[in-house]
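Consider the two complexes below, in which chain A is the common component and chain B and chain C are the respective partners.
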Partner chain A sequence: MIVFAAFLLTVPWTIPALINDFWVSVIAEILIWSLFAASTNLLFGYVGLLSFGQALFFGFGMYGVGIGIDQLGLSFWPAFGLGVAAAMAMALVSGIFAVRLTWHYFAIITVVFSLIFYFLAVSMKWLTGGDDGINFTLPPTFSFGATQWSFADPNFQYFFILAAVALCFYLMHLVIGSPLGKAFMAVRENDVRASLIGLNVYLLRLTAFVMAGFLAGVAGALFAFFGRYASATYMFYHVSGEGLVWTIVGGAGTLFGPIVGTTLFIIIREVVSTHWEHHSLIVGTMAILVVIFAPKGLVGLWRDILDRAMAPRAERAVSTEVRTEP
Partner chain B sequence: MSDPVLRTENLTKRFGGLTATDNLSLSLRGGRLQAVIGPNGAGKTTFFNLISGLLKPDSGRVFFRDRDITGLRPHEISRLGIKRTMQIKSVFNQISVMENLWITRQASQRFLHPFRPASRDRATRERVEQVLEQIGMTALAHRIAGTLSYGDVAMLEIGMALISEPKLLLLDEPICGMSPAETERAVAKIRELARQVDIVIIEHDMEVVFGLADDITVLAQGAILATGSPEEISNHERVREAYLGRPEDEDYLEEAADA
Partner chain C sequence: MAKRISRRSFLECALAGGAAAGTANLRIMKDAFAQTSKPLVIGHHCDMTGVISSWGVWHDKAARAAVDIINQGGGIAGRKVELATEDTESNPASGARKLRNLIQRANAEFVIGSVHSGVMLAAIPIASELKTIYFSTGEATEATGSKGTRYSFRTGTDTYSIAAASMPWCVENFGKVWSIIYADYAWGQSTNQESRAFIEKAGGKIINSIAVPLDTKDFVPYLAQISADTEVLLPAFIGSLSLGFYTQAKSMGLDKKMKMFSSSASIESIAPDDIQGAAEGVYFFENFPRMLSSKNDEYHKEFNKRLNIDDVDARQIGGQAVMDKSHCWQAWEDLFALKQAIEKAGYKTRKDVEGVIQALEGMEMKNSLGHPQGDKMIRKEDHVGIMDCYISRVTNGKLALQKRIPKEDLLKNMPVRHNLSTMPV
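Let's turn to the complex of A and B:
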């Protein structure tokens, strides 16, 4: 854990030294998509809702930033805020309808919402730039007099993304361990029992849905700044599906599972896609293997291995104790 | 004390062509352990589902201590202090016994804190330990609920029902599936609880019913067949005919276990 954190903090220096500059931005991208996967994980792994709609909120985060800067002339922070607020508002509105349903009905309605807004975004050219999307010039993030920091500086860009993603994961960690997070898990485990102990299942699902909208919205806003553009492509439900695969392979219902899954697949994509155009075959095969052989994902598998490694030792300790008895 | 704790007026619930409760008007007095009995399919569980809000009646009303609770949602009814156990045992399977109790206790709070660690709540910890002791499951506190024996799950469910100081407990065949030793423990527990809280129990085991109940209501085909004290019920002509006097009383228990 500590090694991993230390590594992330030194990426802008170690990676260019070890490989090349390009991989710094790949790692920044991995961080953003991990956050996106975390939003899927909050719903699927902790509340038991299978959402194919998270790309919608990612897209709203992107467009909030793009439209905010390009059309409204906003500076960095208001545009960031607009992106996240737009994503949460959309999550609230669609959630009011979607979380009444569960299982495949819920999954289907999230796809439907995604499709509707995807086609709206493509057709409303005056607002969204249609197929071309919105390209914008970056405003500075901080400026004190003459000194400015902006995403134009790759190191600043990297650390800003790292800080934002780390903060979101920390918030998620707090939520998971809180009474609210325990209530989410109760809903996931048994929604009838949850309602009988006094939990408002509908409100809890809606709360989780808006929280997940927040995570996806932050990811989308960061991605807009990172790419200096907003585009409807990222709103397509296919993107949601990818986030779901990353989550499940990494380990749904674990805090770090989405990071593991996202990292793995983006590295595969970056390494393999330059040599072989069918890299999605590898992705698919791996996803199927993990689902069959490690239903709790790679993080779950790792934990099981650790448990098994610890268990015999514990047993041995007990048996020696027994033997030392007179 | 003699005010009805639970009252229904003309409660009807149909499933397609089948009338599960048929114009049911009954009034259960507080301070007495109330039992509801009746053959399979009599509508007992449906009656509980209508009270606890899992089902909405087609017509009729439900009153809890003179408050009309018809049409309230399950969590709202739960928050009024009506807690229940299920005939098909229902707990949170993938988490530990202790966490089951913990979540249940915290669920009764109006506000669920989103950021403070749940484990930091000392009052909840004390209450959880107290209930673990009461239901005799302290040694099993860290077992995953899904790995417990059927009797232990039933006991855990009783613990979950009582951890939030209920006003009315609805127990749907609480001892079904328990070993004789577990049954004895559960019956003692229920008798002790009955001194603090109003209880309605659905039970097929006649020995248990007649040993526990102050009042018995007999349902058949969704309607009341008889109500009265255990003696009155055991001497009741039509009850004996319809139900108690059946020679295959033992088979009956097996049927109940299979259900």
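Let's turn to the complex of A and C:
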């Protein structure tokens, strides 16, 4: 953990020295998409809701920033706030209807919401730029007199993204460890029993849905600043599908599983796509192999290996139950 | 007491020192090797797969053929040109990533851009921040307009210049009462908006403006909305939507009731003969005529020969694929435009990019093998190509020339809306 943190804190210097500047932006992108995958993980891994709607909230985060800067003339922080608030508001509105349902019905309704707003975004060119999207000039993040810091400085950009993503993961860690997190897991394991012990299942699911919308919204807002661009492309439900694959491969129901899955697939994409355009085939093959041979994901597999190595021989036989954090 | 150096500690120190020295060496030697005699890497941000790949593959062929000619002639400013191509997947998300890849990983110093409007608009802020000139090849007017920067250029036309070039002549010759039916996405909406302004400016009026959803299969409900008073219909569709529109409009007999005029994008990569006369009689805007006879000179002929296409349909010789000729030429000509500007500016390293920008602003290009589309200039203020344009009509399954619109007329009809030349570099 300390090595991982030290690596992340030194990326802007070590990576250009060892490879090139390009990989710094790839790592920044991995951080943002990890946060997006974490939003899927919160719902799927901890509450048992299979959502294909996270791209919708990601898109709202992006458009909040894009529209805020380009059309409303907002500066950095109000635009960031608008993006996150728009994503959470959308999550609340869609969640009110969606979390009444479960399993495939829930998945379908999240796809439907995603499609409705995708097509609206494409057709409302006057607001969203249509399928051309909105590009914008970056406002400074901090200004002190003549001194400014903005995403135009690659190091500042990287550290801002790292700080925002780390803060969100820390908040998620706090939630999972809290009574609310325990209630989420109770709903995931058996919603009927959860309701019998007095938990309001509907309200818990809605709370998780809005929280996941917050995480996806922050990721979307960060990605808009990172790309200087907002587009309806990111609202399409297949983007949610990618987040789900990253989560499952990394390890659903584990805090760091989404980071592992996202890192793995984005690095494969970056290395392979330059030489072979059908890199998605590798992603698909790996996803299938992981689901079959490591259903708890790579983080789950790693923990099982550690448990087996550390546990006394007598205990090894009974250490096969599904493990979730904390 | 002196600490004894064991074999293990010695190896650890040696490895650590070696790694540190190697890392430092990488940084130092990176600059040491940054000599101007090394090849000049030009990136091609190309839509090789995805929705617009039937155009992108031709752009790739054109850019490679142009680089071959440039290298056979001694390269650019004595430097061999290396073309680094990245597939945008016709997707803004991938496109933005691949652009960083081209500039930061492949060290492309200039980029020939995408024809996909969303991709090129996503690319421009990144290219500008990385101080890299980016040539758009698509038609979104924003790329050299409201979203343009000092680094964004185009040698071709956009929805604004297409309307400015064609509408005054079309209104005068086809009729004053127009209807527009368009695909309900950015390009269709932009065509609707820009054409409307020029039709009205030329004394015409729009009586219907009909948006058609992208997933439409049955056009009848939309075609039924077109007023019987319409004299000229402007359809704006691409690819399969275009095929669907012309086929169904023909079967409803619209071609007998009114004239139809559309942009080249509506018939790109489609030979009129292949759609069983559905586009017969329709007028199309072109900026590099499909038929050699419409601009009959040795450069046009050589362009066709080098790209192995026929002189009538721009179809691959020995194959079925048809070139998107009114867009594809830009991937070829942009490289020669860069050659001219780089050599004029005396560009050696990235630090000299401002000189290339200044050379491109207002640069004139002569009809030649490097510029087979014809004489043209890049207007200084908005970085847009000003060139002769053509209006052709599908006659007996071929695009026969009806009118050549001189570049002077285009320049006169198209006031500057955004001055990019005053923006900082």
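The rule is short, and it goes like this: the second predicted complex is superposed on the first by the 311 of 326 C-alpha atoms of A that agree within 3 Å, B and C clash if a C-alpha of one lies under 4 Å from a C-alpha of the other, contacts with A are read in each partner's own complex, and residues count from 1 in each chain.
We adopt the following convention: a residue touches a chain if its C-beta (ideal position, glycine included) is under 8 Å from a C-beta of that chain, and two chains touch if they have at least 3 such contacts.
Remember, it's a predicted structure, so these values are computed and weren't measured experimentally.
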| item | value |
| --- | --- |
| First, second, both or neither for A:Y234, with chain B first and chain C second | second |
| Partner chain(s) touched by A:E189 [first = chain B, second = chain C, both, neither] | first |
| First (chain B), second (chain C), both or neither touched by A:E29 | second |
| First, second, both or neither for A:G177, with chain B first and chain C second | first |
| Chain B versus chain C as contact partner of A:T137, first or second or both or neither | second |
| First (chain B), second (chain C), both or neither touched by A:L18 | second |
| Partner chain in contact with A:L199 - chain B first, chain C second, else both or neither | first |
| Residue contacts on chain A - larger count, chain B or chain C | C |
| Chain A-facing residues of chain C, complex | 23-24, 26-27, 48-49, 86-87, 89, 91-93, 96-98, 100-101, 104-105, 117-118, 121-122, 124-126, 129, 140, 142, 147, 184-187, 189-190, 211, 213-214 |
| List of chain A residues in touch with chain B within their complex | 171, 174-175, 177-183, 185-186, 189-190, 192-201 |
| Interface residues, chain B side, partner chain A - complex | 52-54, 73-75, 78-79, 83-84, 86, 90-95, 99, 102-104, 106-109, 112-119, 121, 160, 164 |
| Touch list for chain A against partner chain C, complex | 16-18, 20-22, 25, 29, 119, 122-123, 125, 129-133, 135-138, 152, 227-229, 231, 233-234, 270, 273-274, 277 |
